[in-house]
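Letters A, B and C mark the chains in the order given here, with residues in each chain numbered from 1 onward.
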Amino acid sequence: MSSNPKAIASDFGHKRISVSRIWHKLGDAAELPMVWLIHICGWSAILFVLAIFAFVFREAAPMLFGQLNLVEFFTSEKWYPDSVIEPQYGILALLAGTGAVTVTSMVFAVPIGLGAAVFISEFCGGKVKETLKIVIEVLAAIPSVVWGFIGVVVVGPLIIQTTGAAVGVNVLNASIILALMSVPVIVSVGEDSLKAVPDSYREAAISLGASRWEVVYKVLFPAARNGLLAAVLLGVGRAIGETMAVLLCTGHAVKIPHSLLDPARTLTATIASELGEAVRGEGHYRVLFVIGVVLFAVTFLVNLTADLVVKGIRGQQHD
Amino acid sequence: MIETKKKDPRQSNPDVRRYIVCPSASGEGQGAMERTFASIETALAAISRENEVANAADDSNTGGEATLALDLIDKLEEADGQRNKPRYRFFYDTHLMGSDGDGTERDPWPDLPSAVAGMTELHQSGRLALDPGDSILLSRRQIFTSTSLERRRKIKEAIAQYVFMAMSLSLVVPVVAILAYLTYKAWPVLSWDFLTLNPQSRMTAGGIWAPLIGTFFLVLISLLMAAPIGVLAGVYLNEYARDNWYTRIINLAVVNLAGVPSIVHALFGVGAFVLAARCGESLLAASCTLAVMTLPVIITSTREALAAVPMSFREACWNMGASRWQTIRTIVLPNSISGILTGIILQVSRAAGETAPILFTGAAFYLKVADKGWESFFPYGLDDRVMALSMHLYTLMTQVNNVPDEIVYGTAVVLIGLVLAVNSFAIVLRVYLRSRKKW
Amino acid sequence: MTSRKVVGMAAALVGLLAVGCGTGVQDEIIRVSRQNNSGTYHYFREEVLGKAREFKSGSLDMSGSKDVVELVARTPGAVGYSGMGYATDEVKMLEVSKDSGEPVGPTVENASSGDYPLARPLYIYVLGEPTGAVKHYIDWIKSHEGQDIVAEIGYVPVNAITPEQSDSPPEATITISGSDTMVNLTQAWAETYGQKFAQVRPEVAGGGSGVGIAKLIDGTVEMANASREMKPEEREKAEANSGEKVVEITVALDALAVYVHKENPLDSISLEELAEIFGDGGTIKVWTQVTGWPIDVQ
């Protein structure tokens, strides 16, 4: 205890009420419930993934284990779910449509995406790099229904003019649009994995006399191989799961496409266009949920593979 | 020989010193055609002599032309305007250590006299056959002259660079062209009125206020639900989770949740919110579905933002006796707020643009919304269906008859513009907050 | 990625494009149809193909009445069917003949008189006799005001009935869903009615007749628009779920028009030919079989 007035005041100072002290006391008191909340939220991702699978599977189950002939389901082209004679649920044409559109879009997107990733990370600098990155972000931000709109009004007439196709909405149209949609994913993940290759690799190669192109294709591609593969897989996942753009751009025809200029129909678009009509609990409704299960399984596998492939990097690189 | 001072086209390349060998000409000429010789041997002999003279004059051997050319021609008169084709190419390099060589690029002669001697020997043994119109080149190989190997590599490098540039441009050009075209077609209708008026005359005129406000509420409510859960989940994953198989599964779940197709989200929304939770088709159900869709990206970006805070900050706190939660609350979260906010705002644009998840969970074709006043800002209750901008575009494209093109393009442009504006805001915010960081 | 792989990929791509963009048969008939949630689809199947016949796979199944017409306008070799109210200047409507009769064009008069073979009633379905705001709304639809709007949109009005009382309806939100063919009509009604009686708020969704009926069965809408009749099974289910009887109200007539590209030299077609074009196992695949000469595709 001192007799200095200022000191006495400061002795009392720590007992003063202040907002920030109350706030901190509240924060401390909330520690236990907050930590519990944090743990619960941490489990939320698993919870939701399981929930999605559970709810979709639940609606699909009666048909899946009931009267749906799985062999016919996967191998028949006849998709007549609301037939007055006898409903037929064959998704072969839909699988072919999804496959054709995905594969063709990847043929466009992978070279361009990887090429752009390499260009951005290795060959250009400064303003060009910034501009390109902005363009890629713009591409990524455009919503899916707008892409569908672009496909119908811009790409469709272009296709008719340049290839003399009979109709402008077809596999080619949807593939071009899907390629433009998947490229940002491939570029950003690809660029990240190229950046992750240590500079020492590049420096060693250059000191041995390699040109920039040789550094890229002899050193970086093998080193970043896993990340690039993951980038491609994620692009594939995006293409498979896309709904609105393909609904508008493929022509929505139940038919196995024999050429790029044929219209087709994808699994996702089928669900989107038919779910509203299906009466809840009926066969058609449940079969659409079965298709949902198939889609979920496929994208799950693709993402799992991408994740394992990326983990492979940690296993291999030990510098 | 009369010296003509006209410019000999052959002499135009100053780096090449030409020796004309013309057997039919008489004598050793001077002048423009000065180095005209009767045979290759005489030409070579002349080269040697000149070299000795030059060497005697000054010791430095670095000047002079790099290449000597012996051109064989038929007639002097045809010499003008003709370019002989190099048939043989020899090299000598005075920097070499060795004393041997055979004149090739890889193994040059060590100096000019030995080069001349080697060429003479080749000529005498008959291995140097020349026809009129051919020429022999003798070059000094400099250290930094590009070899043909190097030239090939340089070409490959240039090709590679142009190919990659072309690939990148093939992205830029379509995007810019498409955006320009859309804006051009939408131009007549873009105005403040377009944004603030409701659709009129069966949606063939007027504006997009009702869908716009609907999208606003959808995004707001879905983010109000997703952001807290996502941020706390990110906190868990970065601060509390240990590196075991359990955490790995959570990470896997986040990645998978991010990759679920949007239509499967819609199926989930119908199954869980519309049916099981009995929300019916409503703003609430649609927002919940959108929340689940935007959750994984918020988790990931929060995690990255938290990871960017240096460990030393946390360690300093722990050293002073703070608990984990106190550290997070007072130091880690405030310092990572920029990254977290950016992640959340970027999801705004995604939630605004998606159509499939709201298609069956709450979007409507047409709703009457008040045109002005308080009502027009809060037109939707939680259990009402809503109009949304993305759905509106789809409706205009497929179902509304006789709608002028500008309105459809206008809706698309507004949607893109909204998304881009929000994204730009997020980036600007991130840059601003980063600049205020003290570390 | 070795340079060989890049070259190989490029060659594959060029090859794919070359094979892919192979010369298509230029006078192939491109069939433009609707998705199976559409009442138009069901009506066409029943009237033209016959009850026991399915559509041939491979038609382009569009989301709405409007995009059928838009696609036909852009595709020289296309034929499609949609409500006559969706006609634009870019397409041509064919006259339709039935059983070797005279071809009749899709006009309001021909639809009213029954001469046009593909005229169909448009329905509103409700559960139980309508009361309150719903009754007021339906009465208004059947009145002169509502039927004037029908004519304005391009459909065929039914005989207008003046409602007995014209007092104000109670405050309500009415949920309506269903036929895409009718959605413009429904929306016009909702807009005009909503402006007149501000306390009632009609919420309109499309989705197709099937969607509307499905929702009526589930009890999530009060009024279902349909461009086809409700099937007996559907009626049973609805009545079982709700305990009320299904009430069917005819509110307009529509002529289902057959659209072709405006450069198409064809002017009329018979129902039998349509069935052979669109139906499963149908034999007509190219335009030469119908017109006698191929379309000059530009």
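What we mean here is this: contacts are C-beta pairs under 8 Å (C-beta built on N, C-alpha and C of every residue); 3 or more make two chains touch, one makes a residue touch a chain.
The structure presented is a predicted model; accordingly, all values stated were derived computationally and were not measured.
Counted as hops between touching chains, the shortest connection from chain B to chain C is 1. Placing every chain at the mean of its C-alpha atoms, the farthest one from chain A is found to be C. A straight line joining the Cα centres of chain B and chain C is 47 Å long. Chain B has its Cα centroid 21 Å from the Cα centroid of chain A. Rounded to whole angstrom units, the spacing between the C-alpha centres of chain A and chain C is 35.
With touch defined as above, residues shared between interfaces to two or more other chains in chain B number as follows: 163, 394, 397-398. Contacts with at least two other chains are made by residues 6, 62-63, 207 of chain C.
Chain contacts: chain A has residues 111, 217, 248, 276, 280 touching two or more partner chains.
Those residues of chain B that touch chain C in the shared complex are 163, 200-203, 280-281, 363-368, 384-385, 394-395, 397-402.
Partner chain B is touched in their complex by these residues of chain C: 6, 62-67, 85-86, 88, 153, 173, 175, 180, 183-184, 187-188, 190-191, 194, 201-207, 220.
Of all residues in chain B, those touching chain A in their complex are 153-154, 156-157, 160-161, 163-165, 167-168, 170-172, 174-176, 178-179, 181-182, 228-230, 232-233, 235-237, 239-241, 249-268, 270-272, 275-276, 292, 295-296, 299, 323-326, 329-330, 349, 352-356, 359-360, 390, 393-394, 397-398, 408, 412, 415-416, 419-420, 423.
Taken together, the chain A residues at the contact with chain C in this complex read 77-85, 93, 104, 107-108, 111, 114, 156-157, 160, 163-169, 171-172, 217, 221, 247-248, 251-255, 259-261, 263, 265, 273-274, 276-280.
On chain A, the positions that touch chain B within their shared complex are 24, 27-28, 31, 34-35, 37-39, 41-46, 48-49, 51-52, 55-56, 58-59, 111-112, 115-116, 118-120, 123-124, 131-132, 135-139, 141-146, 148-150, 152, 154, 180, 183, 211-214, 216-217, 234, 237-238, 240-244, 248, 268, 271-272, 275-276, 280, 288-289, 292, 295-296, 299-300, 302-304, 306-307.
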